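One structure, as structure tokens, below. Some questions next.
Labels run A, B and C following the written order; every chain starts at residue 1.
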Amino acid sequence: MSREPSQQNRDSSSNSDRTNRRTVLKTVGAGAAVTSIAGCLGGSGGTGGTIKIGHIMPVETDNGLGSERSAQLAVDQLNENGGILDNDVELVTADSAAQPSEAHSAVTEMINRENIQMLVGTVVSEVALSLADLVAENDLPFLITGAASPRIFAENHAQNYDQFKSIFRPGPVNSIKQAEYLAQYGQFLSEEHGWDTMAVVSEDAAWTQDITDMTASLLEESGIDVAVNERVALDTNDWTPILDQVESSGAQTMIGALSHIPITGMTSSWSRNEYPFSLDGVMIAAQSPQFWSDTQGTAEYLSTATSAADGFADITPKTSEVMDAYQSEYDSRPTTPTFVGFITHDAINLYAEAVERAGTANHREDIDSIVEELQATDFEGSYGQIQFQGPDDEYPNDVYPGEGPGDEFAPFTITQWQAAEDGNGIGDTDGTKRCVWPETYQNGDHQTPSWM
Amino acid sequence: MSSDTVFRIDELRKEFGGLVAVDDLSFDLQDDEILGLIGPNGSGKSTVFNCIMGIYDVTGGSVQFRDTDITKLDTHDIVNRGIARVSQESNPIPSSTVGENIDLFTYPNDIFSLTGGASQAEILDIARRFDLDEKLDTLPGSLPHADVRRLEIAKALATEPEMLLLDEPFAGMNQAEIRELSDQIRDIHAEGRPIIIVDHNMKGLMSIVDRVVVINSGQKIAEGSPEEIANDETVQKAYLAGAEVTN
Amino acid sequence: MSNEYDRSGEPVVQRFTREFLGEPNRYQIASAGVALLALLTVPFWAGQYLYVFALASIWAIFAMGWDIISGHTNYISFGHSALSGGAAYTTGVLVHNVNPDMAMYITFPLSILAAIVIGLLFAVPTLRLEGPYFSLITLLGVLVLTQLVYIYGEYTGGELGITAVSTLTYNLTNLYYYTLIPMLLIGAVLVVVSQSNIGRILRAIGENEAAIESSGIDTTRFKLWAFLMSAITMGIGGAMLAHFYGNITPSTVLVVDRSLEMVAIAVIGGMGTIAGPIGGAFVFIILRDEVLTVFGSTGRWLALWLIVLFFLVFLRDGIFPFIWSRIGSIGGGRDE
């Protein structure tokens, strides 16, 4: 079946780990029907004392599940501290399966049946794009926590801010910035190891267009020869041609921008065949804390961008708080919040603060106050300091990127899979992640593959 | 009274790869006769019918009906021109009743026609001719063999043919049924329809046909009145050689 | 002697129901009426389900489109999503590459035309062939078309598709009627065709094509005609689906899995009846998107296909013919 999301899939038998406090999108019954009809008539924006937060992610993947659990954690913490505006908070979660149509259906039902006050999630840019009209139509605050394409804002807010103003992105930085930062990382690697030839390999999706267009030319400008700059099909499963091509180009590292494509096979092949180049870039599947065990250790030396360094470095004081809270609650895969989990956790909290300041969570009646306070956000998150660009900036409501990858605003951190010191590996493995760049957050040196 | 040639096959040839099933066969049909086409099993009789009806493409020769060359026409065109054929194997529509089966065969060949075809009364008349009028709501699967064969003829008649080809109409019937069917065939003929009947058994045909053509291995080996053919030595040899016995 | 066949002097309305609706008894008419009434009033008794019911209406269109050719003539198409997907992609590609504001009254007819063209590409060469060639070619056709979408990703958005398509409406009640009414209209037309001589001929072709050919019917022309009706139906449904989600991906509108769902719906509902597949669509979509989601996004597929397998083995004629005939035998059979 071609419905499988391309990231690593969890065995759905670990359903039992899911907390039973969350509401899943299946309520049937007269009560819910009444609520929905009332909602359809444009009446109350709340359901008598509960604020419902919607969460949409491909929850059968590590990242999606990490996000869902982190969302639940945030909601539980809020409830422990009195809720939002003295209301209880409830999480409503659904599976996007990384498909725009699934997400569209799920969010439509969340809006109409559950009357959610806010939506958080999406890691696939096309899914986020397809939801823009739907949430704008409903004046629903939508906090994007993973999907990186700037088109979300360039095609919507920049054309008609008032229509789309309820959509924000707390993180990560958009893919144009990521493209720039990747080039800077490449320069760092060149300085560290004396590399002068690199390859850029991107999957054929919306979020990588900027990487293909910009990263290579920025690297060239800094004196690095980009011998390969390829886009690969999303259903690629034979990596030999590409790996061979990179090898014969003489590149010392392959900078990969691969989010949808599973790369377990590629990584194993790269390591076992000892291809003479390093593997670095933005490779979402490799961010999973279980990636080392999935690849039987051949992940060693792979480095990838990971927001909050996936909790393996202290980006902000909140990083370890969220990491510890998550790990004390969950011990099945994924064993960390994953990069989206940190951002989702931050999103829910900054929303709560904004709504408290605005004095209302009722987006149907007073979206302007909520948006105003969201705009005013200056929040210390677990992955970085979060502010939003203004209505007149190039990407209104997109996260403010700061001056560079290593500053306090929306930092862009790279972690590398490395051998752990005795007994400190993830789970039962002997592998761990260290943050190798930017220098502000570094807690380990970038290692060249031992066979190079 | 003089009669005209209404139907003719000329040098008809059908090859299947290396096998010659119909070997430059020629005969004609007068508009007032019932012609018997007989031969041992495997002599090519059904193949001739299949060629006439456009089920097989002919390798050579031609088929003429009312001075029109129908050799290359599709089956349905041939039927619509007025030639109906009853196969050796019965071919009912299994999930339709007797009445519905007959009804189907009266439908016009028109993709835009939602209704049409015979009226219920007309269907009843056709069925009555073959003693099927009390079985109109029966499914073919529940009919005895003889009734299934009669249904086949009823369907052929429903297409309002000018000429009929009957392939082994008496197969599997007892003497009484054969007599009854022979009468019905004569009635159809008396209404002005020439008929070609194929059979491997001469006795059943003797009393009905006006003329006989005998084929063996795809070739005509004899032609004449039933009496002439019954006494023809070549014919007898062919049948004995083919392990068939004429009584 | 049966007097059923002597119907001179029969009133017109009675003749109409007899000829086109298969001589229903009063209980059957009442049941059909109740079902129709229920469909027309969904916002009042199932307001929660407007979205999924609207989607089911579109799938009912697909199922009817499949049924009028494959359910009747038994020329089983495994690639019908190539027709509806072709239509959906025509809408998407026009909007994405030519003009994002292109009006629906232009994109809709062009999408239907695309479905017809694709349909004829399948049908014209293959409907003359006996055996499994038709089915194989429809399967290959949809696989080829899917790959073309990936290869020309620049124009089609590749795996992740096109999101520039306008959504029909965000008002769920409107959405429901925008899909229900076309579905009922198409259903009315196709039910009449199916119950008419044309439908009987098509079903007879499905049972014994050789016999029908020797009744003077040009079976190839009838098959092509059925395929044309099917393609138009699929085109309408495909364009509607594009506007339902506001986006098009191969997974939503094109991949062979969607074709197999159409087959499954018609089988569950009752092949060769048009009305059966309408019911089948509602059953299937509600199972897929509401009931079986307890098994998770991936697990529900297993459950769904197991249910389809159950039907294929134990209830091959489908739910609705079964129910219809049960109702028909209430009161001892037909009214006189």
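Here, contacts are C-beta pairs under 8 Å (C-beta built on N, C-alpha and C of every residue); 3 or more make two chains touch, one makes a residue touch a chain.
Chain by chain, the UniProt names read as follows: B = ABC transporter ATP-binding protein; C = Branched-chain amino acid ABC transporter permease.
Since the model is a prediction, treat every value here as computed from it, not as a measurement.
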item	value
Centre-most chain, if every chain is reduced to its averaged C-alpha atoms	C
Farthest chain relative to chain A (centres taken as mean CA coordinates)	B
Chain centre separation in whole Å, for chain B relative to chain A (CA means)	78
Geometric centre distance via CA averages, chain C-chain B, whole Å	42
Interfacial residue positions of chain C with respect to chain A in the complex	46-48, 50-52, 55, 150, 153, 157-161, 163, 167, 170, 172-173, 245-247, 249-252, 255, 257, 289-290, 293-299, 301
Footprint of chain C on chain A - complex, ascending	1-4, 9, 12, 15, 25-26, 28, 32-33, 36-37, 40, 59-60, 95, 97, 99-102, 104-105, 108-109, 112-113, 124-126, 129-130, 133-134, 137-138, 204-206, 233-235, 260
Parts of chain B lying in touch with chain C, wherever the complex brings them together	53, 55, 74-77, 79-80, 84-85, 87, 91-96, 99-100, 104-105, 107, 109, 111, 113-117, 120-121, 123-124, 133-134, 136-137, 155, 158-159
Chain B partner contacts - residues on chain C that touch it in the complex	1-2, 4-8, 19-20, 192-193, 196-198, 200-201, 203-204, 207-208, 210-219, 221-222, 225
